[in-house]
Each structure stands twice: as structure tokens, then as C-alpha cells.
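Pasting the structures here.
Shared chain: chain A. Partners: chain B in the first complex, chain C in the second.
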Partner chain A sequence: MTPGGIKTRKSHGEIAGETRRIRIIQALSRKNWVHNVAELVINRMERQGWKPYQIDAIRCFADDFRHGYLKEKPCIFTSAFVPNELIYGLGGVPFLPEAASGFAASFGFALESLTACESLWYSPDLCSFHRAGVGASVLKLAPKPAAVVVSSQLCDGGKRSLFQISQYHDCPFYILDVPYTHSALALDRLAKQIEEAAIGLERDVPDLSRGHIDKAFANSNVARNCYLDLCKLRTNTPSPWRGSEALNYVVLFLWAWGSPWLAKFYQSLRDHAEDIIKSGDYPVPNEQFRLAWLNLRPYYSPKLFNYLEDTHQVSVAFEEFSYMYWDPLDAGDPYMSLAKKIMANPGWGPIERRLDVIDKIVREFSIDGVVQFAQWGCRQYNGAASILSDYLRKKGVPFLNLDGDGVDVRNSGEAQSITRLGAFQELLESQKIKNSR
Partner chain B sequence: MRADSYVVGIDVGSSATKGVLLLDGQLVSTFMLPTGTDLNATAGECIEHLLQSEGLTEKDLMYIVSTGYGRAQVEAADRTITEITCHGRGAKALAPRAGLVIDIGGQDSKVIRLDEDGMVADFVMNDKCAAGTGRFLEVMADRLETSLMDFGRMWRAAKKPAQISSTCTVFAESEVISLLSGGMAPCAIIRGLCDAVADRLLGMVHRVGLAPDVVMTGGVSKNAGVRLSLEKKLALKVTVPDLSQFAGAYGGAIIGYELARREYAQGGLR
Partner chain C sequence: MVYLACSYIPYEIPLAAGMSAARGIFEGPLSAMEGYLPRDFCPYARAFIRQYGDNDVVAVAESCDAMRRVYDVLKYWNLARCAYFVDVPRTYDPEAVSFYAEELRGFASKLLDSVPLPCDSFPERLELAIKGMNRIRRELSGVFDLVSERQLLATKATQLAISINQLLACFPSLPDPSDSGFSPKHSSASGMFDNLIEEIKELINQALSEPAHLRQRRSGIPVGVSGTCLLDLSLIECIENAGLDVVFIDSCLPSRTYAFYVDNETTSDPFYALAEAYLRKMPCPRMFRGKERIRRLHELASDYDAQGLIYFAPKFCDQAYYDFIEIKHGLKSLGSLPVLFLEGQYGVGRAGQTLTRIAAFREMLEGTQILKAGKQQ
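Now for the complex of A and B:
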């Protein structure tokens, strides 16, 4: 399904950004003993008292990375909103270059990845989650994909950058062209595309077979139930979980539906939140305000959130990307079920759908103010900022559009961001005083 | 609280540090000096000047609020408050009818919409770029070998503005050089530059919503050229109070006075 049979692969010379430490990681990530040592380290972390949900999350990624880097299972690259139950259900493991960009930023490798990508003619004006994803892939920081599956939602840059990755690695590319408006016909059309992609993957990629779909769907549904329990607990005031941490685990929310580890992770996290509420040992104990956070966060520095949560006792009570938007999956009708999941994404289609979800978050999580992290180059969210601002203003909910970049530190002014967040906190404070009069 | 309770607001900006001294909530004196490399020392010097001007010592000070980009560096401060809140309060005190504040400082610009009580209802700041700030105008004035204070006179002398298309300080500078080499009159270029700054601000103004009483604060408020461009584009009169450069420090001092009174009432200050 390579569109038009276009071949953009060229013989690259030296890729910019391939430093010594990158070459070391390239080599180490593909060694069996490194993954064995990683397992020992995780076991030790568990004994040292890391929280069970943290261990489960690390194990989830360690498991997928092991299979992907060591080629134990076919590694399928997917864009952020492809339902990965499809990939686990075929017996593969997913790899999300956009989500991996967040990892690269957290571990300090983003700049090399961005440089590598820019050397391939990518403009620095594009979203850094895509640029760093392409860069990490061409630098071989990511495993080699056996195939690439993308959906046309939400980001246009996503499908094009993943197409480039498929060309670079000379592997099959499948695109799910998601209809913009809802109808029975649209669902049928999408379900048929998903089925065709599944058949194509089974045909084109050795070791993939549709025999695991029931299991992946069951894993997804169990995880979903635990996750809904967790969401209910997060409505508690004060918040039982730090929003800064929740925004880190959004990566898992995008990645691991269908993995057996995800259900385990959300069970542990639900138990953790329950314990926090019972003990009263809240992470932001003197919670002054509760924010809803839209879009992602800067992954290279914790300063913004330390400033909010610790200095000002302001919680990020819930995140737009953590919103559960789909119904339980039906293994009896798998492709239609996945089509419904994709189409239910509130970020796709008319803006009213997204506004409705934000409104629900504001009400259910007792939100005092909404912050949209205006990711550099993010067309679909930044393009709607004025509509969002007007909508929330009419509802009397303070709104801050915070310019920044989640991956590329060069596009962020941390001191400026802190001033904006500080002023927003002061605005909430003055409104609270005014309302109490 | 004693009747002779002095409070200081100190605004450590990127170009200048401004201080305001209040006695029982009333403005007593102001002082401004260039911001040095040691922000805390500059703030200390500013406070020292304010005290000396009234024959006071540190013991006479009840409360200090710091604001501005260097606010966190002021060790003597009892409280730090962002420049957005402080400029809003200061502007309202300097121009009581103010509904919208346009503050242009050395390294950033902000537009603040105030509610009927003078509290910040909404705000927006420029993005991570020097375009539309005092620094942008300083660079251009240097290139045109003129003074910022002369911008108003030159703006009025221009028959029509030059077209400055770039919003980047570096690119705009090279555009200015091209215009000069093409024979464009400096006054037309200056008017074009002021229009470019006003255009950027116009977008920010409409993001928070235009209010009828517009007040300009910050160092660039003293630049008549930018004010004239803004007035033309907004089709509104823009008020520039005498102490417009001190709005942040004044707002900080007013908030400091309120906080001191509150803490005194709660037994925290004597």
C-alpha cells in the first residue's frame, strides 16, 4: 500500500548527529546481554522500593524493546493514534517514533535526533515529536521496523514522517485514511481498511498472524476497566497523582493498548491512588488550584511542573491526552470495533467534539483553569486556540495558551514559561478572592 | 500597622531596574538605574537610593515586593510577583480608567486585560523573540544613528511608512540597511519600524479583547513613535501616564502594601 510506489529513499552519506555516544547506544541496544542486564536492574529497582506501577511501566517498555531490538518479534512502527491492539493482536510489538521522541528528550538525546532529521531537509518549523522520531530512526536509536502503519488522524506531519521512515528502511507502509465525519458508511470504510492492513501485514511480514487478536482485545478491555477506576479516583480533591507524572505516562496510554503489561500497570496505579486517598499522603498536599492540561509537556526538564506543583501547590488534575474516549472492544467484530475506537477520538472531526471533552474534564475533575501547551509546529491544536479560548472564556474558565516545545529545547524559553504560569496562578488567586467576597 | 509604614516595589527588568517607595499606600519616591549583571546588587542599590532620598534605613521598611524578569534574584524581597499582575495593578493606579494595558519592556511585550476591579482578567505575552520589544527598537535606533527619544518627531516627519516585512530583529536590521542603501528616508523607516511593532501588538490585543481605555507602560511607552502607530492602528487614544516606566514597581508596591496590612492584621508583622 505504498502510495503511488514513490521511492524517496536515497543513499545517505554520514547522518548528522551520529556522535560517539549515539553509536554506543546503537550497538548496545541490539545486544542480548544488555537486555538481560536491564531485567536484573529492573528486579533490583523493585527490591529497592520503586512503586509497583513504575516497575510495571518499565517492564512494559523493556518487554517491547527487547522484542523489537533483538528482532524476537516483528516491530511495527505506528503513529500515535493507531490502535495498537491490532499490532499486539498480530503477534508483533509496536514502536511509536513520536512517543519515543519524548524518551529521547527525557534522556538527553533529542538534539542529535533533531539534527539528524534536519539534515534530511526537515524544516525546524515542524513538530519536534515528528522530527526527533525520524532522526532517532535514521540514527538507528530505534529498532528496525518490519512495517509502518499510520492513521491519517490527528497529525499530517505524522503520516509523512513515518512514510519517510518506511522508505528509509525499505519496509511496507500502510495508511488508515480516517474519515473526518461520522456515519455508518465512514465506519464501514475504515473497518475495511483496517482489515486490509491486517491481511497485508500478515502477508508481508513473516511471523505475523491474526491468531492473537482475541487475547489483545481482552488485555485492552481489562486495562480499560482498571483505567476507568483510576480516572474516578483522580476526581478526588486533592489529586492522588501528580499530573507531571501522568503526562509522562501518557506515552504508555498511546503505546500499549493490547499489551498484557498495560492492565497490570493500571491495576497497580489504581491501587496506588487508592492508598494515597486512604492515607491522605497527597503529592500536592496543600492543593490550591486544579488545572486541566491540554496537549503534551516539555519532556527535557521538570522545572515548569516543579514550579506549579511544589512552589505554588497547583495540581494538574487531569490531562486531555488521558481521556478515555472509546467503548470496550468486541473481539467478535474486531475491525469494526477498532474503527469505532479510532473514530471516537475527540481530537478528530469537528472542534465541538474536542470542546465537549474539555468541558467534561473541567466539570468532572473540578478544574479551576485550563492550560494548553502550544507545541511548536502543532497545527491541529494551535489552529484551534482562539476557539478554545473563546469557549472557555464564555464558561468563565480561565485559559492559558502556553507556547513551548516538548522535545526541542531550542524552541522554549523556560523563564518566560514560568512567568506565564506564575501570572496564571496569580490570576486564579485573584479570582478566588473576588469570588469569596 | 503604623502610619509611617514604608513599602517598596522593585521591578528588575532586562534593561532597567525601577523602584517605588510608598508611605501608608501613597507614592513617595521613585528611582531607576540600569540593570547590571548582578541583579540582586542592582536591586539593593535601587532600594538604598529610595531609602536615602527620604532619610530612611532598612528598619523603616515594612515590606518589599520584587517583580520583573530578575524578581527571583532579589534576596531582600518578602514576596515575588509576576510582572503581569504588577503592571496591571500599577497601570490601574496610574490611570484609573484603564481597561487594557500594553506593556513593552526591554525583552518582552505583554497585553493585559483588566476587569472592573483592576484585576488581571486575561493576558498574553510575545513569543520567544525580540521582535516588538524595546531591544528591537534599540538595535534599529543604533543602526539609524538616532535616539529612541527622537522616534516621535521622525514618525511625524514621515509622509508614509517604509514597508518592514520581517519580524526578526536580525533580518529587520538587514532590511533597514537595504532600505537605507536604496535611498529611503530614515524617518520613513522609523515609522515603518513603529508600525511593525504595532502590528505585532495588534494581534496580541485582539487575542485578549480590545477594551476602550488603553494604557501603555514599560520603557517603550516613552517612545512616541510606537504610541502614534498604535493609536493609528487601534483607532483609539492610548494613554501614557507620567510614571509609565514605573508601573510594574508601583503595582508591586501597592500589592506589597496590601499584603503587609493583611499580615499585620493576622499578627505576622509588627
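Now for the complex of A and C:
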């Protein structure tokens, strides 16, 4: 079944984008021995000296992927801002197609996913994170979902594409219709919807049970504490962690709240940052400027960040998507607690909420300039560019709206982006000279 | 005047508050306002960005990412004295209806803060506004029934809907109490819609009294039109000029604004009645109501014998891009109704490329008819 509910090209043969290597990956990802080998490889990487936080992150995904692909646990697809404590708390594993698109781009599979999606009439003007997510699902690069849960805030493409994935796989679909305005009524309504979704999932999906919620909430709160420690360390000048790497791990930030691995990951990362500060072995040793990065990054190429961090010694000190915006969760009132987490998202509600967070990031992380990666097709974030530019200009913070595409290399204007980043760096320099006079 | 940005925001509330209200219909984005939103943004959202008058109010709904940014831009840059956000649920169930009823109550109370209307007269005026709008909707539904029966060109009927929207924009609002001519009598509710409905009937009669060859054509292949927002009349004109007969239009204006009825007999709370009716109507692509849209479109196509569907998406409208995929495959699964996808900006129907594509679609439909006739013989 294609999104919308009809049999199409599959009955006549191959799906567009289903190349030989894609078929190999489809098959391998569902083999038990492959996941066993992956475990051995991770152990070997650990012995070879990969950093503990890197190993923890890989284990976190390897664990979820194993459960999802081998159907050891129910795999629930969620949109980027669904609190996944709900999924871990039900004993399932989450899968975020839009976040997995970043993986696909990093490993060079995005083009096939995009091709598959476009052959099903998806417009190339849609955000490529969502298109690649649908494509990966159609190509069976992603595991088969037992159910789909989306939240309606922030991004139209996320919820719509996941609805179509649920149609494609003919599985239950739950939407958390998030109210825009903050009020007791709004919170009650959302909490009730989350509870109904939990009850529905427990009823509709075998092997899900709400008995794991306490554990998932505890995991989330421990991870949150470690993460806040890490954020404090990241205020250090020079920055103890490469922003380009931090932007890769945004995927984990969106994905794994509630997983036991996330706390381990942030503990290891916190320890790593502490070690770096103690040893003075900073990744951008002669840090000239510190940037805040809004939205995501191109995942298919490291050139932009190599140019910034290595050539010009400009750090990405913090990312908007890494901002911790919610209070500790309360297992005694789980649905209200998750509702509060959703509603606390600074991207939701009037733009002033987002501006406040950016302002905090600028102050807390001693930011010299702000770059918004204007992902093609992202109406949620790109639509605020004029406001951001004016707001930051009034505060004396240079702002760059950098057009690009995080997944679709065909939309990449890497040379132009580098030119614009170079010009932005010159602007920061001229401002520094002006301030020093 | 209150500019409504979405068909889910009831006209009834501002009208009852003594303010004229109309769906924001524009000729396109203003070049002077280009910098406020990116170019790769829905043209309807960009058209909404303009400097509004001191007496204007803009009511923006939680329609999509783009309209949320419109609200932010209007507020941040002070382009409208008052911009209100109406939080429209995306689902239709008793909880959503109750929530929306409260949201509408809040919207009314914000509007009432800015008008000199005695608050105790509002409930009575709201009842009358609901009845009045029901009458207007009934009149206009009658007009679109004629379109479906191919007795009136869809262009004419849509033009009528736009004219009625303009009449509502001129609906007498309450005078300023500081004006010397102000009298509390102006706030009297009785008969507030009678003159308006008479004007609407006259408009409709004028359209129907035109010679038959100017207002109807029955020779073309019947097709339906669907999408998020039509932007302007040019597409419907282009379809009819290409020799196809439009038998229904599923768009913000007209059908999703007029093709429903508010039942205020079964509940004592008019806000609940409004919320229920507006959320229950034919769902717009932003709503999550399963396959309801596909089912209703299929019903429309079957009822009016449409042989094809032309789906129009304003350029960069994500809701339409996703909706089209569901509609195309969904309708095909229900009976192979061919669907043509068109996207564009304001004035899309005046582009030669659009005419060429519609003409090719017509040829395809004619070919299908010839094939069917051949098989029957």
C-alpha cells in the first residue's frame, strides 16, 4: 500500500530508488546475525579507543534498531517532538523517520529515499527530512512500525508524512493535537490526549504496557541532570566540544529520552568535556568566535564545519535544538508531566518564546554571532528569519540566514554557503576591531 | 473590519460584536512587503502581510506553519493594530469541540473589549448572527447547487461568493461612541441581517437573469476542483475556458466557508454550536480526520458525475502537497477518478502553461470517454 491506501508500483516490480544496495540493506537489517556482528564491531571500536560517549550513542541506536528491526519490541514511529518517554514507558522503542533521514544522508542513502518518495508524487518543495523519512519507509530501510504517534506542534510536514507512513503500513495512528495557547484547559486537553494515546497503544499493540513508565521517567530525569551539567561545561571558552559533532547528536536529543542509554551517554559526554577543560586540549584551540546554530545542518558533508572550525577557528558553541526546555518529569502525574514538556517547547507558541531562548543562548554561551541554517522547505523556522534578524541586530548580534538542505545534496550550494560563512566571519572580525577601538 | 485568515474562524462572532468581517481575499503579495517572509512561502500567507488600517483587526488561525509565522510577523512588526490568534483544533471529537468553544468564547471576549457594544446584548446578537449566516450560507449553497446541475458557470458562482464576502466586509459596524451621531439604537440586534440578505438575493438574481449562453455551458466534461486555497478566480476561468465544466469546488472559498449549517437549536451554548459546526464541516487538508476528505470528495464526484479532479496547490503549501498524495491515491482506490495536480501563485490561470496542462487533461478525459464508449459498443 502506498500512502493514501492503494497498491501501486510494487505490484509491477521495483520501487523507484530501490537499488541493489538498498535491497541488500533491507535484507541485512532484518537478520539477527547482522545485529550480533554489529555488537562485536562496537566492542572492537571500544577497544580501539573510540570515546566512551561515542560508544554509548552507537549502543543506544544499535539497541533500538535491534529491537525495532528484529521485532523484539514494538517499534513506534514518532514525530520529532513527541516525548519518547511515552514510548519507552510502554515498553516499546521509538523510531523517528525524520531524524533517521540525517543518518541516511550521512551514510549516503538519502538520494534513494528521496527518489522513492518523489516517485510517489511528493513535491521536492517539501522538507527533505520528511521526504527521506517517507522514502526510507517505502523502501523498507526503516523497520515496520507497530503504530505511529505524532504531535501537531511545530512542523506540518512531520505529522502529515507520518500519517501517510501509518497508512502505508496500515497501522494505528495517534495524533496529539497540541493547543497553541498556554492555559489550564489546554494542558488538561493535551494530558488527556496523551493518556488516551497510551491506553490506545496498550490496547492496539501487543506487548506494550504502561508498567514501564516509572523507569522511563527516571531514566529521562537522570539524563536531564547529566545533560544540564554538560550544558554548563559548554559555556566554557574555548568550547570543549565541537559544534559540528553536537549537531550530529541532536538526533539523540530528539530520540532517546527515556532510554537507559541516554543517561550513560550524557554522563560520558560530561566526563569528556570535563577532561577537555582540565587538559586544555580543545577541539578548536584558537577559538576566534563563538556561534549559536539554529535549526539543523547538512548531514551529507562536513565541509561547512571544517571551514568554520578548522580553517577559521570559529566554534559552534551551542545549538538551538540542544536547548533543555522542560522541567523534570513527575512519574506521579505522567500524562500531565508529558503535556507540560510538549507545551514548553520554545518553538511552539508566539515567536517571543523562541526569541527568549535564543537570547538566553547568546548570553549564557558568550555568543558572537547567530547562524540559522534555513533548511529548504522548513516553514516553521525559515518564516521567522526577518524577525530574528531584526531582533538580534537590535541586540548587536550579527545574524546569518544560511540557505541549504540538510539531506538533499541536490539542493546544496556548498560553495555559496562557504562564501557566505566567510563573509560572515569577516563581519564578526570587523565588529571585533570596531569594539576594540 | 475583521480580516479572517481561515474558513474555520466564524464570521458570526465579529458580526455579532458589531464589526464587519470578511475572509481576507487579496490580489497577491505586495512587493513592498516581500522582506517579511521568505520567497519560498505560500503566496496566500505572503499576501496577508500588509499594513492594516487603525480600525482593522486580523484574526489568524492555527492553520499551518506559514500562517503561524504570518501572525508573528504582523505582531512583531506592528502591521496590524490588533492581531488575534484563534487556536483551531486539528481533530473533531467532543473534547476538541469543547476546547474550540472555549477558544471562540475567548475570541469574542477579546473583540468585545474593543467595541462599544453593551455586553448583555451580545448573546442575542450572536444568535441572530448565527441565523443570519445560516441564511446566507443557504442562499449561496443554492447557487452552487446550480453549478453542480450545470446551470451556472462556476466562475459566476465563485464571483458571487467573493461579492458576498465583500458585502460582509461592508456590513454596518457599530459606530464609535465618541461620534456625535452615536445612538444606542445602533446596537439593536433585530433585523440586522435583513437588508444584507436582500442585497445578496438581488446579487444572485442579477447573476441568474443573465442570458443562458453567458451563464451556463453544458457541453464540457464535468470535473471537480479541490485544494487548500484557490487564491483567485483565474484558475476556475481557465478550466472553463479550456472546455471543462466545473461541477464542484472544494476550497476555502466557496465551499468550506458556505457549505454547512450551524445548528443552534440542540444546544443552549452558541459557542458550542459554532465550534461543532465549523469543526464538523467538510475537512480542510489541515485536519486529521482519517479518510473523511477522500470519502467526501468521492461522494461529490459521484453525485455530480465528475470525470476528473483538478487539484490546485498554492506554491509552497505543504498542507496541499501532502493532501494531494492522499487524495490522488485514495480516489484512485475508490474508482479511478483521474486527478490533475497544478500548483502556482496568484494569477495561475492566466499562465499559458496552466491552460496547456488543463487542455491535455481534457484530451485525456475525452480519450477515456471514447475508449469507454468503444468498449460498450
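Rule of thumb we're sticking to: the second predicted complex is superposed on the first by the 423 of 437 C-alpha atoms of A that agree within 3 Å, B and C clash if a C-alpha of one lies under 4 Å from a C-alpha of the other, contacts with A are read in each partner's own complex, and residues count from 1 in each chain.
Following the convention adopted for this analysis, contacts are C-beta pairs under 8 Å (C-beta built on N, C-alpha and C of every residue); 3 or more make two chains touch, one makes a residue touch a chain.
Here the structure is a predicted model, which means the values were calculated and not measured.
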Q.
Once both complexes are superposed via chain A, do chain B and chain C end up clashing or fitting?
A. fit
Q: For A:Q431, decide between first (touching chain B), second (touching chain C), both and neither.
A: first
Q) Who does A:N411 touch here: chain B (first), chain C (second), both, or neither? A) first
Q: Could you tell me if A:G157 is touching chain B, chain C, both of them or neither one (first, second, both, neither)?
A: second
Q: Identify which of chain B and chain C touches the larger number of residues of chain A.
A: C
(Q) With both complexes superposed on chain A, which partner does A:Y122 reach: first (chain B), second (chain C), both or neither? (A) second
Q: Determine, under the contact definition given at the top, whether A:Y180 touches first (chain B), second (chain C), both, or neither.
A: second
Q.
Quick check for you: in the superposed arrangement, does A:K278 touch first (chain B), second (chain C), both or neither?
A. neither
Q | Degrees between the directions from chain A toward chain B and toward chain C, using C-alpha centres, nearest 10 | A | 80
Q. Between chain B (first) and chain C (second), which, if any, makes contact with A:S386: first, second, both or neither?
A. both
Q) Between chain B (first) and chain C (second), which, if any, makes contact with A:P350: first, second, both or neither? A) second
Q: Go through the superposed model and pick first if A:R420 touches only chain B, second if only chain C, both, or neither.
A: first
Q. In whole Å, how close do chain B and chain C get at the C-alpha level once superposed?
A. 5
Q: Please write out, lowest number first, the residues of chain A touched by both chain B and chain C across the two complexes.
A: 386
Q: Under the touch definition given earlier, write down the residues of chain A that touch chain C in their complex.
A: 2-6, 8, 120-123, 125-127, 152, 154-157, 159-161, 163-164, 167, 175, 177, 179-181, 185-186, 189, 192-193, 350-351, 374, 376-377, 379-380, 382-387, 390
Q. For chain A, which residues are in contact with chain B within the complex?
A. 386, 389, 393, 398, 401, 403, 411-413, 415-416, 419-420, 422-423, 426-427, 430-431, 434
(Q) Under the stated contact criterion, what part of chain B meets chain A in this complex? (A) 69, 81-85, 108, 115, 117, 119-125, 127-128, 207
Q: Using the touch rule from the top, collect the residues of chain C that touch chain A in their complex.
A: 35-38, 40-42, 62, 64-66, 68-69, 71-73, 75-77, 85, 87, 89-91, 95-96, 99, 102-103, 286, 288, 291, 294, 313, 315-316, 318-319, 321-330, 332-333, 341, 343
